[in-house]
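Pasting a structure here, questions to come.
Chains: A, B and C, in written order; residue numbering restarts at 1 for each.
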Amino acid sequence: MRQGPAIAIAALLAATGAGAAELSIVSGAIGRDIETLRDNLDRFEEMTGHTVSIVEMPSSTTDQFAQYRLWLSAGAGDIDVYRTDIVWAPQLADHLLDLGEKGREAAKEHFPSIIESQTVDGRLIALPFYADAPALYYRTDLLEEYGLSVPETWAALEEAARTIQEGERAKGVNDFHGFVFQGAAYEGLTCDALEWVASHGGGGIVEADGTISINNPEAAAAIDMAAGWIGTISPEGVLGYKEEESRGVWQTGKAAFMRNWPYAYALGQGDDSAVKDKFAVAPLPSGGAGSAATLGGWNLAVSKYSDEPEAAIELVLFLTGVEAQKLRAVRNSSLPTRPALYDDPEVAAAQPIIPEWKEIFLNAVPRPSAPTKGDYNEVSKEFWDAVHATLSGDGDAKRNLARLEARLKRLKGPGWD
Amino acid sequence: MKALKAAGFWALIAAILLFALFPFYYAILTSLESGTAIFTPNYLPEAFDLSNYTFVLGQGVFGRNVLNSILVATLTVAISLGLGLTAAFALARIPFRGRGLMLMTILSVSMFPQIAVLAGLFETVRALGLYNSHGALIFSYMIFTLPFTVWVLTTFMRDLPKEVEEAAIMDGASPFVIVTRVFLPLMWPAMATTGLLAFIQAWNEFLFALTFVSSAEMRTAPVAIALISGASAQETPWGPIMAASVTVTMPLVILVLIFQRRIVAGLTAGGVKG
Amino acid sequence: MMLTLLVVAGWPLARTIWFGFTDASLGNLDEARWVGFANYLEWFDYGDGEGEWFGLLADEQWWRAVWNTLYFAFVTVSIETALGLIIALALNQKFPFRGLVRAAVLIPWAIPTIVSAKMWAWMLNDQFGIINDLFLRLGLISAPVAWVASADTAMIAVMIVDIWKTTPFMALLILAGLQMIPEDIYEAARVDGVHPLKVFREVTLPLVAPALLVAVIFRALDALRVFDIIYVMTPNNSETRTMSVLAQENLFQFDQFAYGSAASTMLFLVVALVTLGYIRVARLDLGSGR
C-alpha cells in the first residue's frame, strides 16, 4: 500500500519522460530543508534518470525576490524551477509556465485557498510545496497560575495579558510583557494586521474582484485596538520586532502570549528554552468575525525560459506529491498542503503539532496578491506603512486608512496590473 | 607632566581600541555560545563551545568560498593598482588639457547608486559570457575600486616634488621606467593604503557577488555567510553567522599586519629634499 | 583604462538614465516606451476636471528621502572626519605595539557590511541587546530604549553603525597622508620650539589637506549612496529611507522599474551637485599640476 503512490508516479513519469535532462532548482537555504530536498531529489533522479542541482539563496526573502525578478526578466535559462513565496507567483506570472492539465489535475488534492492564490488569469503557475500559518502561543503555567482560560477573543487576550503582566511585574520581573507580535514595518506586519482586520470583519485590504476595501470602520477599530497595546501589554520595541525578536522575548520566558509561525514551536521545546513544556498553541483570537490566520508558505514554479519544460514540470509534480510532502512533514515538520496528510497517522506520530494546525488552516486567509498582481508588494508596503504609523501614534486608524485608500486608488489606476 | 601626557595618550589609545574592538569582541563571544544563551547579554566569556565553528567549516564549501574571496580581491586590487598607477602618472605628471574634466568623469562613476547599475551590468556580464565566473566579479568590482585608486594615487603623486623625476628624465628614462623605478618606491605608503582599502571593499562586496555567480563552489565569503541559515525561514542562526564572520575577518587582520610595515615605511626624508 | 571604465560603468549608467524616461517594467524591458518627464513630474487628470501632480518631484516620500540622505551624509562624514583625524594622529606617533593597534583599528571596516549591520541590530535590540544592558548598568538611561524601532532613534542607530564601520577608512587614508609628510619639517619645528597646536594648524593640516579632502569626497559619495546598512538594519522605515533605498524598492521590490531608474538618475544629479559644490568650496585643485 505504501508503495502505491510512488509506483503510480514512477509510471506516470516513465510514460512522459523523454531522455535524461539536467535541471536546476533554486531555493532559499534553510537548514534541514535543503537536506530533505536533496533526499527527495535523489529519489526523483533514481526514478527518472534526470539530474537536478540545487542553487542555494540567502534566506532573506526580499533578497531572493529581487534576484528572481532580475534573472527572469533577463530571460536567463540557468534555473528551471523556482521556489516562490505564496505572494510572488502573481507578480512573476509573465515569466512562469502554465503547469497544464497534469498540474490542474494534481491541484485538486491541495487546499483550494492556496491553489486560488497561485492561479492568475486562469493559468495555474505554481503548485504548493509547503504551507505556513501562524498561531497564538500561550503559557500554560501562567494561565493556570492566574486562573485564566485560553483567550478566544482579542478583548480576552488583552485582559489576560494585562493581568499576567501586572502580576509578574509585581513579583519583580520588570521586563515581563503580556503579548509580543511582529510590529516592524515589513511584510510580517501586513500579515499580523491582516489578521486583526479580517477577524473583525474588516475585509482583506483588496478583495478578490480588485475592489479596495480597507477604509471601513471595522478595520479602523481593529488597528486602533492594536495601537492600544503598544506600551501597555506590548513593549514599545515591538514596533521593530520581526519573528526572531518576538521569539527571543518569548523563549526567555518574558512574555505571556506570542503570535508566531510554527517554527517557534520546536525551538521553544529545545532543551535550553525557558518555556520548555510550559506552552501550547491555539488559533488566533477573534474580533467578532471569527479567527483569521494569514496564509504563508512556499510553492514551486517553472521558468518560461527553461530548456527542459517537460522534465521541470515532472519535477514540480514529484516534489509537491504525497510522498515528498510526507517526508518533509515527518522530518522538518513542514506543514503539508494536502488536507489528507493531516490525518495521516505516521505524520501525527512523528510531528504531533501538525494535526493541531489543521484547524488553523481552515481559518487561513490569503493576502491580496492574486487580485493586485504586479502591484502587490507596493500595496503591502502602503498597508504596513499606514499600520505602523498608527501603532507609533502618528494619527489614528481612521485618518491613516483614508489616506491609505487614496494612495491605493492612485496605484490601481484604471485597474491592477 | 610627561607622565601625565603619556597616560593621556594611552587612555586615548585604549578608547580607540575599545571603540573599534568591542563589537568584534562581542561577536567572538556570541560565536562561542549557542541556543537560548545568545538571548542574554554577557560581557565575559561564559561558554567555550566551538560547535559553531565546526558547523561552519564543516559545511563543505565554506573554505572554498574564502579562497574565492581571496582570489577575486587580490586580482581586483592588482589590476586596479596597475591601471590606477598608470592613470595617476598621466593625470598628475603629464600636462594636457581637460585634466580636471577627466578626473571629474572618473569620479562621476562613483556617483551612481550601485543598485541602479545592477540590471545593466547583469546584461553586460551575460553578453560578455562572464556569468558565473570570477571574471564577472573582478570586472564589476572595477566600478568602485578604479575611481578610488586613481584619485588617491593622483593626489599623492602630485604632492611629490618635481625633482624626483627630473634627474631620471635627464638620463633619458622612459615613462615606464620613471613610474616603476622612481615613483613606485616613493608611493609605497599610498599604494599599500589604497590597495588595502580596495581589497577590503572587494572582499566585503555582496550584491554583485550574489547576482553574477550562482554555483556554490564559485561564490565568495559574504554570500556564503548570508547562506547560513537556521532550521526555518524565520530563525536567524546568530552563533554560526558570528563564527563565520570571525573566520572571514581573520585573514584581513593578518593582511593588515603584513602590510602595515609598508604603510609605516613612509617617505625617507633625505631622498627628496627640495 | 578609460575604455574599461566606459564599458563597466558607462553602459549601465546610460541605460538607467534612458529607462528613467520610459515606462519600462522589469518584466518587459524591451518594450519600454518613451514617456518624457512623466516619471519626474506629470499632471494627472482624473477626467472630471480635477487632477493631481504625480512623479518624483511631487512625491512626498522622495523629498523625505532626499532630506534623510543629506542629513545622514553630513552628520556621519563630519564625525568620521573628526574621529579619523584624531585616530590617525594618534597612530602616527611611535609607541610599542603600534602595528597591532593599527590592525585592530581596521577591523570594523573589514567585517562585511551585511554582518556588521545585523550584529549591531542585535546589540541595539531593546530586550536582549548589550547596549541597553550596558547603559542601564551605567545609569545613562532608566528604561530600555528601542533603538532601531523607535522613530526618534532609528536614524541615530544607523549613523552610529556607519560611523563605527567607516571611521577606519578615514583614519587610514589620513594616516597615509601623514606618512607622506617628511620628518624633518617636524624636526625643524621642534628645534624652533613651536607649540604643538601651532605645528598642527600650520604644518600638519595644510600638508595633509589633499589626502583629507580626497578621503572626504569618497566618504561623502558613499554616504550619499548609503544602502546596505539601512536596508539590513531598518528596512521599510520612512525615518531612515534614503534615496538609494527608495530607488532599490522601486527597481526590484515594486513593479516600477522606470520610476526607480528616474530616482537613481536624480540621486546621481544630487550627488553630482553636492560634489561639485564641495570641490568648489574646498577649492580642490583639479587641473594644475604643481
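Here, contacts are C-beta pairs under 8 Å (C-beta built on N, C-alpha and C of every residue); 3 or more make two chains touch, one makes a residue touch a chain.
Remember, it's a predicted structure, so these values are computed and weren't measured experimentally.
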item	value
Distance-maximising chain from chain A - centres being C-alpha averages	B
Comparison of A-C and B-C (more C-beta pairs in contact)	B-C
Chain occupying the most central position, where position means C-alpha average	C
Separation of chain A from chain B, taking each centre as the mean of its C-alpha atoms, in whole Å	39
Where chain B and chain C are represented by their mean Cα positions, the distance between them in whole Å	17
Interchain centroid distance [CA atoms averaged], chain A/chain C, Å	36
In chain A, residues with contacts to at least two other chains	70, 73, 248, 252
Sequence positions of chain B contacting 2 or more other chains	39-40, 118-119, 123, 226, 236
Residues of chain C whose C-beta touches two or more other chains	26, 29, 128, 248, 252
Chain C - residues contacting chain B, complex	1, 4-5, 7-9, 11-13, 15-16, 26, 29, 86-87, 90, 93, 95, 98-116, 118-120, 122-123, 128-130, 133-134, 164, 168-169, 172-173, 175-177, 179-184, 210-211, 214, 217-218, 221, 225, 227-228, 243-244, 247-248, 251-252, 257, 260-261, 264, 267-268, 271-272, 275, 285-287, 289-290
Contacting residues of chain A [partner chain C, same complex]	62, 65-66, 69-70, 72-73, 91, 94-95, 175, 183-186, 235-241, 245, 248-249, 252, 254, 374-375, 377-378, 381, 384-385, 392, 394, 410
Chain B to chain A touching residues, read off their complex	34-37, 39-40, 118-119, 122-123, 126, 131-132, 210-211, 214-216, 223, 226-237
Chain B-touching residues of chain A, taken from the complex the two chains share	28-32, 55-61, 63, 67, 70, 73-74, 76, 78-79, 132, 242-244, 247-248, 251-252, 260-261, 263-264, 266-267, 270-274, 332
Contact set on chain B toward chain C in their complex	9, 12-13, 16-17, 19-21, 23-24, 26-27, 30, 39-41, 43, 83, 86-87, 92-93, 95, 99-100, 103-104, 106-121, 123-124, 139-140, 142-143, 146-148, 151-152, 155-156, 158-159, 162, 189-190, 192-194, 196-197, 200, 203-204, 206-207, 221-222, 225-226, 236, 238, 241-242, 245, 248-249, 252-253, 256-257, 260-261, 263-267, 269, 272-273
